[in-house]
Amino acid sequence: FSGISSFAHLKPVKCLIEPDEHYDIAVIGAPFDTAVSYRPGARFGPRAIRAASARWLAGTSYNTRAGINPYQSWATVKDCGDIPITPFDNGLAERQMYEAFLELGRRPAVTSADSKYGVKGISAGKPKLVTLGGDHSVALPALRALYQIYQKPITVLHFDAHLDTWNPVRYSSYWTSEQAHFNHGSFFHKASREGLISNTTSAHAGLRTRLTGVDDGDYTNPGPEQDFIRIHADDIDELGPAGIIRTILARTGLDPDQPVYLSVDIDVLDPSTAPGTGTPEPGGWTTREFIRILRGLEKLNIVGADIVEVSPSYDNKGETTALAAAQVAFEIITSMVK
Amino acid sequence: FSGISSFAHLKPVKCLIEPDEHYDIAVIGAPFDTAVSYRPGARFGPRAIRAASARWLAGTSYNTRAGINPYQSWATVKDCGDIPITPFDNGLAERQMYEAFLELGRRPAVTSADSKYGVKGISAGKPKLVTLGGDHSVALPALRALYQIYQKPITVLHFDAHLDTWNPVRYSSYWTSEQAHFNHGSFFHKASREGLISNTTSAHAGLRTRLTGVDDGDYTNPGPEQDFIRIHADDIDELGPAGIIRTILARTGLDPDQPVYLSVDIDVLDPSTAPGTGTPEPGGWTTREFIRILRGLEKLNIVGADIVEVSPSYDNKGETTALAAAQVAFEIITSMVK
Amino acid sequence: FSGISSFAHLKPVKCLIEPDEHYDIAVIGAPFDTAVSYRPGARFGPRAIRAASARWLAGTSYNTRAGINPYQSWATVKDCGDIPITPFDNGLAERQMYEAFLELGRRPAVTSADSKYGVKGISAGKPKLVTLGGDHSVALPALRALYQIYQKPITVLHFDAHLDTWNPVRYSSYWTSEQAHFNHGSFFHKASREGLISNTTSAHAGLRTRLTGVDDGDYTNPGPEQDFIRIHADDIDELGPAGIIRTILARTGLDPDQPVYLSVDIDVLDPSTAPGTGTPEPGGWTTREFIRILRGLEKLNIVGADIVEVSPSYDNKGETTALAAAQVAFEIITSMVK
Amino acid sequence: FSGISSFAHLKPVKCLIEPDEHYDIAVIGAPFDTAVSYRPGARFGPRAIRAASARWLAGTSYNTRAGINPYQSWATVKDCGDIPITPFDNGLAERQMYEAFLELGRRPAVTSADSKYGVKGISAGKPKLVTLGGDHSVALPALRALYQIYQKPITVLHFDAHLDTWNPVRYSSYWTSEQAHFNHGSFFHKASREGLISNTTSAHAGLRTRLTGVDDGDYTNPGPEQDFIRIHADDIDELGPAGIIRTILARTGLDPDQPVYLSVDIDVLDPSTAPGTGTPEPGGWTTREFIRILRGLEKLNIVGADIVEVSPSYDNKGETTALAAAQVAFEIITSMVK
Amino acid sequence: FSGISSFAHLKPVKCLIEPDEHYDIAVIGAPFDTAVSYRPGARFGPRAIRAASARWLAGTSYNTRAGINPYQSWATVKDCGDIPITPFDNGLAERQMYEAFLELGRRPAVTSADSKYGVKGISAGKPKLVTLGGDHSVALPALRALYQIYQKPITVLHFDAHLDTWNPVRYSSYWTSEQAHFNHGSFFHKASREGLISNTTSAHAGLRTRLTGVDDGDYTNPGPEQDFIRIHADDIDELGPAGIIRTILARTGLDPDQPVYLSVDIDVLDPSTAPGTGTPEPGGWTTREFIRILRGLEKLNIVGADIVEVSPSYDNKGETTALAAAQVAFEIITSMVK
Amino acid sequence: FSGISSFAHLKPVKCLIEPDEHYDIAVIGAPFDTAVSYRPGARFGPRAIRAASARWLAGTSYNTRAGINPYQSWATVKDCGDIPITPFDNGLAERQMYEAFLELGRRPAVTSADSKYGVKGISAGKPKLVTLGGDHSVALPALRALYQIYQKPITVLHFDAHLDTWNPVRYSSYWTSEQAHFNHGSFFHKASREGLISNTTSAHAGLRTRLTGVDDGDYTNPGPEQDFIRIHADDIDELGPAGIIRTILARTGLDPDQPVYLSVDIDVLDPSTAPGTGTPEPGGWTTREFIRILRGLEKLNIVGADIVEVSPSYDNKGETTALAAAQVAFEIITSMVK
């Protein structure tokens, strides 16, 4: 409860205005929520997740499930603070995030490509970004930046109760506009259409949303954005966490030269744990299940990640949503280091 | 977040004062809570459940688990508003509810008995009522009305942590009175004694309450109200959701000429999901388990249903209890349509 | 706690899609909050204010301070529901609100100009709109519509802790854009520059905000938007409510041919009563003081009004903010009728 | 925070089942709320008020405003626990409360009539009861019991935002019944009609409710229950607390042979302090104002008192409503002792 | 909701100041929380747990899972109230608790050693204490007292997300002091070093904490306190509740002459159920799982138990944490009686 | 809502470990709450106050009441972070705070004594500390440090509902110990006895606590700690804020060579505004009153100040307590600069 609240008491730096800051992994806040369709408030997500991590110190972060302490291993992990983002103009906001992700993702990592430690393959020498959202639409500028950096489509591993590949024409009601196409339900559609995503290796997991219309057209309509495989929340009852892991890895592969973006909408968890989110859906996974799934994915080449849709004003007094999100960030950072 | 808050933005009508309104399925609120033994507040249940459904539109309600959109299939579904109920006199309140259920249940459905769509069997051409409670005692006037309409005892499928078949003499403490026999722990006892229930095909599911006395007399005392089979919450650990479904169907049968009343006390769910209720009991089912069970029951001839005991002032800020209740209503309506 | 939640159980109609609906006073929701600078959530303001009014019925609404029952006097008052507004594109949203206000404000009132009842002067035969916000920027489209309808600048009586006449260039930080100029701190600046406001008869009341910079330049900078007189929250300590009333009326006059727009940011009240708002400022007025001030203004020709910035997810469990907002709406409607 | 939670750590006794318990002042809980018209929950009022008093000990209760420590003066003060009351049948509940008040009020006080300490006049040697409600209707059985004990009409000093003298025929909506006439808005009407109240010396104070109909008929309709003088909440702005005190005393007199019942509906306080109540009305008194008024009334011969309508599930986390109610009880007990 | 709030309405007695009170099982509160490392508030745990048990009566407490009513069997169960504990000096506080536990544990039980009812073996004729915490450090004085009473090391069965066997030198940051070694993360270390614990028969269960440093040294460092077996929260996915039970019993044995102390940190449960605690860790057990585990342990000779770390100000409005803790106490008392 | 949360986005520095940091005014957190007698939680006060100030930027902090922007005037203001304080040992904690205050208070200010700007008199060239508590006992080490720095007794201006000059022998119940004498009700007693306070120029303001015993002995007992004048909360009804100011200044004087310590227990405010505190007392001042009083004191030579007893877990969702505390800090910093 003491000290300035950076994530897990990591060294806080304003990376965007300090161009000489380097890191292997940067935690960065994206306090943005004006692309949501229902409950807003995710702009306070970064603050809440950092506050929920305030009980952790680098020295007390040995992850027993993984067998390492991610903050005391080879990687330099910093909290880069928040991206300045306008809450008044989503078009501008998207460009602000894109510029920030590109700037931060392009810097050389602390651990160089030829070090005996650190990442091998296409990501060697490149830093990794863990974004604390913010609403889910922050993934679009992140993917645009990663595409620029890697010059190839990115595999997306998408944990969410919702598809987020909706055609914006169907998704946003009332009068529509070009700018309204950038929102937290359609950004993967947009990204797919722009060619940023390797759809054939990508996966949705944790789905339990209703669809539009009278049939499963949201699944089967032609279009690259529908090429993700779909793992439903209920599938865990048959497959167990281990089966979910196998299904995901069968889809994504483990090629160190294929960059993976791991996107976690906190509403993938059940509302009993994660009530503090914008569009909760009963029937999700427990944190025990989800942590176990995440631990099974540690061999993926995760080059970027986000934890989004934490809306603290709907969280309960005990802050379970933010705690879960902080835990997810910790598990992802562990995977990036291991 | 926009528009008058009817359930799922269904067409709101004041059916009770508009005798020409017809429907295949009517959602109706029973804002009543003066028959509770502990925490009151369920009078605000209908408002909270409707608010929790405000993110849904008919056009975006394709239920992937069931494979239909219940609002865009053959059935006309309306929100009939609330029954006017006095909060000062339970005897009067019971009559107000009975009159309302009888009036609404007796009207011809939109889809006639000889339509190629819709329900077959004894319920063909009859509308179905989904009651948003209110405390659990609203089931008594509902059963009285259904008995009048169907002229035969009704099978009850009762999801609850509690028995609700308590002998009122034992249940209500202190001085007792005739009127005190109508309460949220004894109404099934009363209904059984009146012959409204087909006890030999009925079932309790989700039980985990303590009993009165020093033995299991509440289970084995002679009396028709004890003829329900009893499925305990813990049974799911051995049987799984599929086993629960099998046990229920083995009891109730699937006869389209046997009307079934589906009564869901939200406290059947674990307090982690459903804290906003009057008499929570740790150790209940998760929403994922319960949705799966409900989906397995869709072949039953459900002629009426209730979702009761949602007490919003005890719900958490993220409204998980009301969300779960709205989801249950959605699944039940889906079953009625399918 | 019973019935569909329209404001004070007024007849709910979807006026925008029912062109033949008429009214003397229309209550209308503007569920919009993507022009806020800090805590969002005012999109749920209309729902919360309506819910807080649910204890009122037309038959039990005799206002003892005013000596009339506004719902059972000459005026026809209806709840026109919500304006459909996109949450993704503020430019579009502004146009949606403008079109709605213009459409609703232009219809003939139920009480015609030559009736012996109702309003005299420039507003005779015209309906009046009471907007439930939404964030404060909804006042801009309202003023644009009123300017169209009245064809003259409108007197603004602005209750708020904040100026809301900030130059958008100074107000919004980071990169700026044309669209970012439309926000909840600058809309009166914009309206003044467009000539919609009669600045020389307008007033701010309840101010206690900090200003930008190192002097009171926000007050004295040249520009029409700075011509409002300024009544600070603290002034009530010397003047009392009666003195505040006198100061306001001395500024606005009582000319029945001068239309007045009454804009109430709920943050004019102290956070002890109104915590559920986006940018609370300690040291505001109590509801007792504010109701008394409003009652003193009933002779003004109020042609439109708003109650804005109610953000329910920050309200307390007892809903004091929404209750206060509903009371303000009731007092304003009373004034419009009297 | 330690010890069994009786009021102010007073000696807890179950007076009703221990006939030999005596006291000068008895604190007694009336956990009853099934006569409320809107938000229920006051059945938990006694528990909440006791919990809010848990920081007080007899030894640390010197009241500096009054100049005495009421628990260490001549009077024996005990916490008599709660009356057992059915929540299912208001008719029965009323009788249960009446019997309890009569039983407790009839016992001889510890301090006898001829002691040099204690009360003089008609109440000498009689104990006094301070009821922790419960909803406001508990005042009816209290008045019935006091009428039995004193054999004369009682002066009522009624602090409330509402009249509570409504004719039940007008007050309760929908179908009506004899039992529905016993409710928290009509009990003073009923008591007046029964002759229990000395209307010509009684007073309402703190009023700010709306009335029924289109004129002030609720005030001026013939009938004894309308003979209370009426002090509105706003009157304090002109009169100040001292003026309110003068007005009350001018009405009630200070005759030690006229018994006074002091009835405090917590909604007399502004919702900023007292959100945890059933029917809050903006614009009430602050606790500082109200404590000062109560201190000015200490010469009245208060023979019974209640603090009602505390509904904890609507209170805020800091429990301000219950704290205020406990403080009111402390001030009343102080007055009874002084 | 009625009556003084003792645990489950058991007879409340102030056992510490009434030396002639006897019992077979005493429930006792330890309102202490100044040895916590993060969120305080557990001093209000006893009050909250008692309040959460207020819906239970002895007559309605037949435990269907166990087949007995623990309050109406052979055992005399009383609520002994709270230990007076200073919140200002942990050294003194520890001694206050030790003296209290020793005093209460040494009294002869109601049921004598030669009764045909009650406990056999080493505990025959001795009372059992169930402590409602308070923070977890209350286990140290409890173990010191039990060691005095039984004159042998005690088997500890420890349910917790955390180890609580941390070396205080490593655990408490900043300057350290002798007194700081007594805290809620190190008390089992201290107890082991003092020889109070039979480490070779003891077990941790439910673990999921991070460790200090870069390896699993907290597990494998030499020292008796590391001899507990360790069951992780995740182990239940492979073993199921039955496997957890088997593992525990294989460790502890069922020897009636080996006293067992059962210590339940409520954070062993998942934060979805138990948010109201000081150091929540995502990924814990559900109440259904944990109740089942507890029921499997009923043959252990549990001579003392605690339920600790309930911090009510972080609980949700529906009080799920306190409800779960009360249920745990009920299950433990059931086991002690059976 | 963006950026690392220092107070008002001031430059955050860890002054204690960076000996070359200088400042004219340092904001410093004292996250300590183990000397409280009732509700704990003030250890999270610094975090909450900083979060509540997150809407402020230096550039938008022109204080209209004072006519300056304190962050853009002559003074260098920094957020020095938190003092590391053990929560396990109050004796040690007190020394940690003392060392920190002494270290920070002894450094030369940025603005030197001979500058034409800045403070004149005894404090010229010395920095000033604004402590964010933490419980009120943090004032003791602060006074010890100031006494060391100024080598003379300090005038204390104490805003509080409580005396905090209690003799620890009377104040702390149960067994007592030397360490227990350091607590949040007795620290001014201790400080007076040590000669740190200039009692004859010191004042309590805002009092409304109960006293111990049966008379006003807590006021009149001999001892230097009772020499403070006492201004009660109610006095403002007669004196108004201006009279309170006059009374204070008549006591303290305006001598620039007399250092003044300004200590603000947030419970001086009414619980309607400040529910988030440990020992709330109904009947306090409003924020409007208190801000006005603070503005009247700006000519005092305030050399140190604290804002204490903010306990966020009891605050309401809208964070009114923390907002009020942040506002108080802003007003104090304004006074220090002006």
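By letter and in written order, the chains are A, B, C, D, E and F; residue numbering begins at 1 in each of them.
In this section, a residue touches a chain if its C-beta (ideal position, glycine included) is under 8 Å from a C-beta of that chain, and two chains touch if they have at least 3 such contacts.
Because the structure is a prediction, the values reported are computed rather than measured.
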item	value
Chains touching both subunit A and subunit F, listed by label	C, E
For subunit E, the least number of touch steps when starting out from subunit B	1
Angle of rotation relating subunit C to subunit E [CA atoms, steps of 5 degrees]	180
Fraction-based call for subunit F against subunit E, same above half, different below	same
Most distant chain from subunit E by Cα centroid	C
Centre distance in Å when subunit A and subunit E are each reduced to the mean of their C-alpha atoms	39
Inter-centroid spacing, subunit F versus subunit B (mean Cα positions, whole Å)	57
Rounded Å distance, subunit B centre to subunit C centre (Cα mean)	43
Set of subunit C residues in contact with two or more other chains	1, 39, 43-44, 84-85, 173, 270, 272-273, 286, 313-314, 316-317
Chain contact graph, described as a line, ring, star, complete graph or other shape	other
Set of all touching chain pairs, with the criterion as stated earlier	A-B, A-C, A-E, A-F, B-C, B-D, B-E, C-D, C-F, D-E, D-F, E-F
In the complex with subunit C, residue positions of subunit F that touch it	1, 55-57, 59-65, 67-69, 72-73, 240-241, 270, 272-273, 286-288, 291-292, 316-320, 323-324, 327
Residues of subunit E defined as touching subunit D within the complex	1-6, 12, 29, 31, 43-44, 46-47, 51, 54, 81-85, 313, 317
Subunit D residues touching subunit B - in the complex, by the definition given at the top	33-37, 39-41, 43-44, 84-92, 96, 172-177, 179-180, 182-183, 313-314
In the complex, subunit F residues that touch subunit D	38-39, 173, 207-216, 218, 232-234, 237, 270-273, 275-277, 279-284, 286, 313-316, 321
